[in-house]
Amino acid sequence: MTPVTALTLTLLIPLASAAGIAFFLRRRGGLASTLSVAAAALLCICSFIAINARGDAAIVASWDWLSFGEFKVSMGFLLDDVAATMLAMVSFVGLLIHVFSLGYMKSDKAQARFFGGLSIFMFSMIGIILADNLIMIFVFWELVGFSSYMLIGHYLETEEAKAASKKAFIVNRVGDLGFLIGIVLAYWHFGTTDLTKMEQLTLGHPELVNAGIAAFLICGFIGKSAQFPLHVWLPDAMAGPTPVSALIHAATMVAAGIYFLIRISFLLPVEVLGFVAWLGTAVAVYAGFCAYAQNDIKRILAYSTLSQLGYMAAAFGLGYPGIALFHLITHAFFKALLFLGAGSVIHGCHHEQDIFKMGGLLKRMPITAITFAIGVLALCGVYGLAGFYSKDAILIAGGLEKTVIFILLTLGAFLTAGYMGRLFWVAFLGAPKSDAASHAKESPLTMVIPLLILAGLSVVGGMIQLWPEGLGALIRFDLERLHHAEGYSAMHHDVLIYGSAAWVVGLLGAFFFYGVGAKDDRLARIAPSVFAFLKARLWFDEIYGFYVSQVQDRFAAILSFLDVFLLRGLIIRGSAGLVGILGLGVRTLHVGNLHAYVYWFLGGLLLFWAFVGTVL
Amino acid sequence: MNEGLADFLRGIAATNEWWYIMPEILLAVLALGLLVLELLSPAIRKHVPRVAMGGLGLILALLLMVDCSDCMGANGQSAFGGLLQSNEWSHLMRVFFVFSALMVSYLGGIFLAGRNLAQSEFYHLVILVAAAMMLLVQSNHFVMLFVALEMATVAFYVLVAYRRTSSLSLEAGIKYLILGALSSSILLFGIVLLYGAGGNPALPGASGDSLNFDALESFIALNPDNPVVLTGAMLVLAGICFKIGAVPFQIWVPDVYQGAPNPVTAYLAIASKAAGFMVLLSLLHGPFLALQDFLLPVLVFIAAASILFGNIAAVMQRNLKRLLGLSGIAHAGYLLIGVAASFTIEWVDNAVVFYLITYLLASFVVFLVLSLSGEGDDADLNIERYANFSREQPFLSGALTCGLGSLAGIPPMGGFVAKLLLFVAAFQAGLYGLLGVAVLGVVISVYYYFGWIRALYFNGSSVTALGEASNAPTLQNRFVLCALVVAIVVLGIFPAVVSLV
Amino acid sequence: MADLLFYLFAAITLISALAMVLLPNAVNGAMCMIVSFLGTAALFVLLDAYFLAILQVLVYAGAVMVLFLFIIMLLNVDEEAPRAKPAKLSIFAALSGFTILSVLVVSLFNNPSALPEPPVIEVAENPLGPSAANGIPFTTSAKSFGYSLFTKYMLPFQVTGFLLLAAMVGVIVVSKRMTETTVKTEQSD
Amino acid sequence: MTIGLNAFLIVAGLLFAIGMLGVTLRRNTLVIFMSLELMLNAVNLALVTFSRYNGTMDGNLFVFFIITVAAAEVALGLAIIVALFKRRETIMVEQLNALNR
Amino acid sequence: MFDPNATVLLAAILVPLFAGVVLAFGSGYTGGMRRGVALGGFGYPLVAAFFLAFRFDPAQVGAYNFESKLATGLDSFGIYLHLGLNGISLPLFLLAGVVGFAAGLYAMFSNAERPHLYLALMLFMQSGLMGTFASVDIFFFYFFHEFALIPTFIMIAVWGGTGRRTAAMEMTIYLTLGAMLSLLGLVSLYVTSGAESFSLPELRDYLATHPLSETLQANIFGLLLFGFGILVSLFPFHSWAPKGYASAPTGTAMLHAGVLKKFGLYGLLQIGVPLLPVGMAHWFPWLAWLALGNIIIIGLVTIAQRDLKLMLGYSSVMHMGYAFLGIAAFSVVGAGGALLMMVAHGLSVALLFMLSTCIYHRSLTFDLGAMGGLAVKAPVLCAFFVAASMASIGLPGFGNFWGEFTIFMALAETEFTRWLVLPAALGIIISAIYGLRAVANIFFGKPKAEFAARWDSDEVKDLQGFEKTPAMILLAALVVIGIFPRLVSDRADAELGGLYPIKESLPQFETTAGTPAVSGKEQTH
């Protein structure tokens, strides 16, 4: 099998699986799930074959897709180091989540649809990863959006899913608008959207890098990675089934934004990078605060995802794409773990999602609880766990480049530890606070095994030395770069202290503030105004809601009214009515009286005579 | 055989001019024969309609077999001391008029059946009108023109008032008579002025026979600015405008169309209008050729006004015969576009004739359906009475739809090609404003034509349907309708059949 | 002398015509009409058209107007009903139309450049003059009528015959007695 | 005779105008009909005038035809008027308006 | 001279016509006979279209494949029944075949009254559609369009839904106006060109050597633009479309919105712009602004619709804006994009109209506020509808995406049109908003009260076979174009390349892509 064939298979296997499910297995959920998981496994194998076969050189292959005059689109693969790293992560984590879903979705009536959606998603995601040009990225980018829409809306009879899926798609579209324009402009600017060619061009002509195009392009990233101000869809997307949240909204899809940034990093000028850094930092802190006002276990994790995406963006903006990628990978491991853990908890608690109604799960679901704890620690950046390595690197980079960013990111780390502590202490310790929680049972094996594997990865995933050869070259390169940066060792020292302090203080603070297995939120009790402020999340949703219902819909209604009333009513009907009135008027001329008719003759004669006069 | 017969006739024609108008004479003989038959026993009288139609059919067949326009020699040759002159359309128009007479007789058979009205006189008059119009379009002399015109008009007065038991018909008759006589006097005064000016020895180019078109043509070419000539031409034009129902002499049209018996309305709408247009064309190409500066704006004005008036008035009209009359005004307007363009565009005359032919076929379809649908007085046929007509009478509705489609100018009906040709001509002649008006008119006309079609098919009205009252058309009627519709479609798809375009 | 006669007959013709139009009583109007026709006939005579003058008197003043009088009296419609006087507006319109028309007519014919006064041509003696093929020279003889009608105007002459026939048929058709049943069913309108 | 062509024509034209006035003014159909005859008469006068001054006989012959036609028209018109009067009991134009709109 | 393929082409027009005539007199037929005849009438064009597409020789750039030229008697005007296909008309010919077949299939099993007449009229339309896109002669191009238009009016008036009376009338008058204007435009083109021919290639060749003056071009193009514009519902001449489609019977709406409406765009693409480049340049601002009106104003109006069919009608108006912009871009890329858009939109809008009727049969209402939750009962219907909505939104994988994307590309190609990209692209958000709202309201959430009351009735069931098959055909076509746009583009590209070289000659449209990039591009080659 040539590498290109392997890649093609990697891409097409999930599509085939989705098609098979859609056409033949709609009513056979069991078979569908098996097929989908098998496809995930197969594609995982294929992807590793391709990665192995890659060696050091990038795999490049391209086919013409469409051409009109000057405009040519090709579709092709570019499997370089970054793509390979990403591909390995996505296919592996994806497989785990597929397996987990087997258990989680077992009793779901629309199992087939769900697994079909997962397969479509894998197809689209792998498409993004492998794409060799911007247009192809955009194609799969949109498809990812669509599959996410489908999966968020899985529980389609609930109003929540209905609204959330719609919101996710539309908000993503807003970002894609900019992305699209960026691509279009880039095409005519560079004459191609091929990543390799563009990179060569910019290397040869650095002046070609254009801030405007870059600004448009990163709109796509903002939408997909849920950055300001398009972050609103991500927390709502938790309406989907939990494995979906894990797969899409933690490990892969949102990370696609970061991945995209890394892929086009050569197109971004310094100003844009700075903007991205600040944007990321802001989101990191903002999301940290927001998480404190959430009681839904998945929503807390969602805000934590937002916050971590902020870290990645900050790292990228600071000039270390490798470190961003590093954090992306480790984050994928532990966030998938956390979400799956949450899924396991929800599964165990019969779809109870409020952490203040759980409690005592450590005893009832020990494996879940322990793996969850590992995830929490990894997220907080506890020394030795996956999160530590990447987060530390980010903080160091921040410290080296911009002190304010460093301070804010450290604050973010502290907040992370705080809300994760809150989540863990309240949900897993103490006594059960609801029937559901008290009857919780450990999840079946299909769900537990992925948890264990991910927990393992969360522990060791950060040790880049253990990674297979051929993966993570960019990460190593950037880490090296960081290590050799000026003032690295001092900063490293500082970060160790501050970073550790952040998680220690955060976790302990939460422990003491909220207490073990608390029944309600202490913050809401003692400082309701602060809690309300946090819960309001800077009123983004309200502003958008206001815009939609008061501005956009009203404006649309006015236009619609004008269309019906003015255009159709007055102008069209009006002119028709005018003809009608004229017709009535003309009709009255036919009075039936001979005299009146003779006057016409007289008038006609005189009129004709007037024409004679004009000639003379 | 054809050539041989033609040669034979040509040989005779060289010695006797009456051969030139053999079809007209045959018609006259047929008309007289009908009166004679009327005198014979009632048993024979019953066959009068059949004899009339058979005779007309024979003459039509003869005309189709033998191209008599050739018998008079080459085109443009005159006969009877210049009273008649054949032109490229005279043969076609003969066929046209005989065919209309045939169709009107057919409609008349339906109309007269069951009515206590004189029978053979109807056919007699119809045939005489046809003969008179055939002479009219060939006339090359104002005396001939006047006499033929009056012949047709007088017969039309009778025909319009033919339903003497109905005061509506009589009222239409008196209106047509008075307005017709008025227009005749106007026309005559114009002729007189032309005659006087053309024969005035003190003017250049004066001729001894200034009633003759050719003489007038050469005279007017030398005196195009003479006010008497212009006034005369203006008055003649006014007289013809009455015949073709063009603004501002159109006002009689709806009343007379409504009151006249159905077949007569059809005859008026089709043959009378066609004759008027042919006369107008031969005048414009003959005597009035030099008056372009004066006539063009007048014609453009008349055309535009007719299109707008006819269409706008028809929009709110519910009575179908009035509606057809008003739409006929609009059709006159479209035809006048061609007439106005004929100053500069040579082939447009053919387009006008083609338009007349499609108009003939479509109108007969419509009138035949009108005649076949329902009982009682055809003067109060309203659109509302056609609600749901298609349920009971799908065949009639289908035919009517085709006919109306052709009148509206919609492919693949002949009416579309006809309008298209006129538009092309107008474009070539640079009559852009007129074109705009025409387009507007077509758009408005779609409203009422489709309003009617909609009424046929619309199923939600509680009005008692006319369809139930009508009997299913006989096989014969079906055949005639089918033939007409096929002819319309063929003209739309393959216009070459009439060898005009 | 001839001038005087012209003025006299022209005045008679016009005044009696105007009287015919304006007199409310139709019988009086018809009488005036006869006078007007006679005046026209006299003008014909002044124009050397003797045959036509006689024809005018015979056909118009004699036959046609008698027919009119007969019908007026038969229908007893000699008086226009006083209550239904024509509206002022229509009187105004008719009069102003008349005025404009008259002005136009006078101005048209008072324009010597339009129609130059030709010299009076001598009446030809022989209808078969040299220009017979083109126009028929003006003669006073009735023979000329006969000659022309049967040569140049043969066809219109025949057609006129048919026209009279058609008119006759028409009169018969319109005035034929109708049976009772038809009258009953169709009188409703 | 010093009276020229145009004098006769003015008479004819005025006669025509008077006829037109009658047609527009009078309500009695019979009188309207008479006015029409007047207009034809005006035409005849003009024709004869032209015929005389142009020196061609055609005008006179035309008058012959016009008189014939006018007579036929009168006969027909009167027949229709009589028939109409039988149905409507009136020959006033403003009452002969059953056909309208 | 005898080309069997040309006969196949001619038969594609005649067979449905003949089938229609047979059906028109078929009041006594049984359902099976009726369907058999209709199947033949709709099936043959489809088969012929595919057959010809496979036999198509793309090498004949600038010429027509399968040409046939029959005299009509209007020879002196240069009018012949001249049929043939080129790279531009072939995709639309195929579209007509596919959509016609799907619509016919659906109509065969619909429960229309007097089904034989219904099917007969649809077959007449089909015949006209095939003829429109197979005509090389612009007279017949127009002729067939009108021929297909008449059944549309009648069908709306007879079989239409609520408000059909006014809708049919308004549509009739409006479209007649458009047709008349475009006819005037075509006639004026014929007259003023002096080519003495209605044949498109002859006109083109003639005008290439004898270009018209600037004012003349501007005038004629104005006529064509507004004539065709009305037919394609160019803002603000769109009023007929939403209401007309809302009240049209399904088959008619599918055929008209899906195929017939593309006549105007095709006319501009193939006739208007290539023959009158200067006129096009003159009208460019109008076209651009009005097309933006289509996209943004009508887009917003669409958002405000609460009736499914009205919404679809407006959305179809909105998407026409893209196609207009593609034409306004005045380049091979833009024209190609417009072509792709036409084909894809035709398929997707036909599918949507069909599905909306399927939804109506289940919900008995078009009111978006009164449905909900249908996906539970009818998952397949939901899947099709979602797919169709996604296609019309422009999701990659469906043809529409390539259309829209190519059009954006075309707009950005020159400095002169680049500013249009942003406002035009706003449309992708707007369409997402209303598309997803519709999907959410119909299929997701809980059923509304009235609908819930009928929840368990037999009518609320999933898509039946006769509904599924046409939907499948249309969707499959959409996906095929979405995945292999080259099926359309390869043949059209060369053809368009021959038609649109004019661009550089016009000052406004000079290629002004970023100057450094030009040097950069050169280096890469």
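We just call them A, B, C, D and E in the order they show up, numbering each chain from 1.
By definition in this document, a residue touches a chain if its C-beta (ideal position, glycine included) is under 8 Å from a C-beta of that chain, and two chains touch if they have at least 3 such contacts.
These numbers come from a predicted model, not from an experiment.
> Chains in contact with chain A and with chain D: which ones?
Common contact partners of chain A and chain D, which must touch each of the two, are B, C.
> Quick one: how many steps at least from chain D to chain E, stepping chain to touching chain?
Minimum step count, chain D to chain E: 2.
> Relative to chain A, which chain's C-alpha centre is the most remote?
Of all the other chains, the one whose centre lies farthest from chain A is C.
> Go ahead and name the chain pair joined by the largest number of contacting C-beta pairs.
C-D
> Of all the other chains, whose mean CA position lies farthest from chain E?
C
> Using CA atoms only, can you tell me which chain is the most central one in this structure?
Of the chains present, the most centrally placed is E.
> Taking each chain's centre as the mean position of its Cα atoms, how many Å separate chain A from chain C?
Computed value for the inter-centroid distance: 100 Å.
> If you average the Cα atoms of chain B and of chain E to get two centres, how far apart are those centres in Å?
The computed centroid separation for chain B versus chain E comes out at 43 Å.
> What's the distance between the Cα centroids of chain A and chain E, rounded to whole Å?
Spacing between the chain centres: roughly 35 Å.
> Approximately how many whole Å separate the CA-defined centres of chain C and chain D?
It comes to 5 Å between the two C-alpha centres.
> So which bits of chain D are touching at least two other chains?
Correct list: 5, 9, 16, 19-20, 23-24, 27, 29, 32-33, 49, 53-56, 58, 61, 65, 69, 72-73, 76, 80-81, 83, 87, 94, 96, 98-100.
> Mind pulling the residue numbers of chain B that touch at least two other chains?
Only 143, 147, 150, 154, 157-158, 161, 164, 167-168, 170, 173-175, 178, 182, 196, 199-201, 208-210, 227, 231, 254-255, 447 qualify.
> Which residues of chain C are in contact with two or more other chains?
86, 90, 93, 97, 101, 108, 115, 117-118, 121, 135-137, 153, 156, 160, 163, 166-167, 170, 174-175, 187, 189 - these are the residues of chain C that touch more than one other chain.
> How do the chains pair up in terms of touching? List each pair.
All touching pairs, sorted by chain label, are A-B, A-C, A-D, A-E, B-C, B-D, B-E, C-D.
> In the complex of these two chains, what residues of chain B are touching chain A?
174-175, 178-179, 182-183, 186, 225, 227, 230-231, 234-235, 237-238, 241-242, 247-252, 254-255, 293-294, 297-298, 301, 309, 312-317, 322, 444, 447
> Report the residues of chain B in contact with chain D in the complex, numbered from low to high.
Counting only chain B, the residues touching chain D are 142-143, 146-147, 150, 154, 157-158, 161, 164, 167-168, 170-175, 177-178, 181-182, 184-185, 188-189, 191-193, 195-196, 199-201, 206, 208-211, 254-256, 258-259, 379.
> Once bound in the complex, which stretches of chain A touch chain C?
Against chain C, the touching part of chain A is residues 595, 599, 602, 605-606, 609.
> Over in the complex, which chain D residues touch chain A? Could you list them?
Chain D reaches chain A through residues 20, 23-24, 27, 29, 32, 93-94, 96-101.
> For a test of understanding, state which residues of chain E touch chain B in their complex under the given definition.
24, 27, 71-77, 113, 117, 139, 142-144, 146-147, 150, 153-154, 157-158, 165, 168-169, 172-173, 176-177, 180-181, 183-184, 187-188, 190-192
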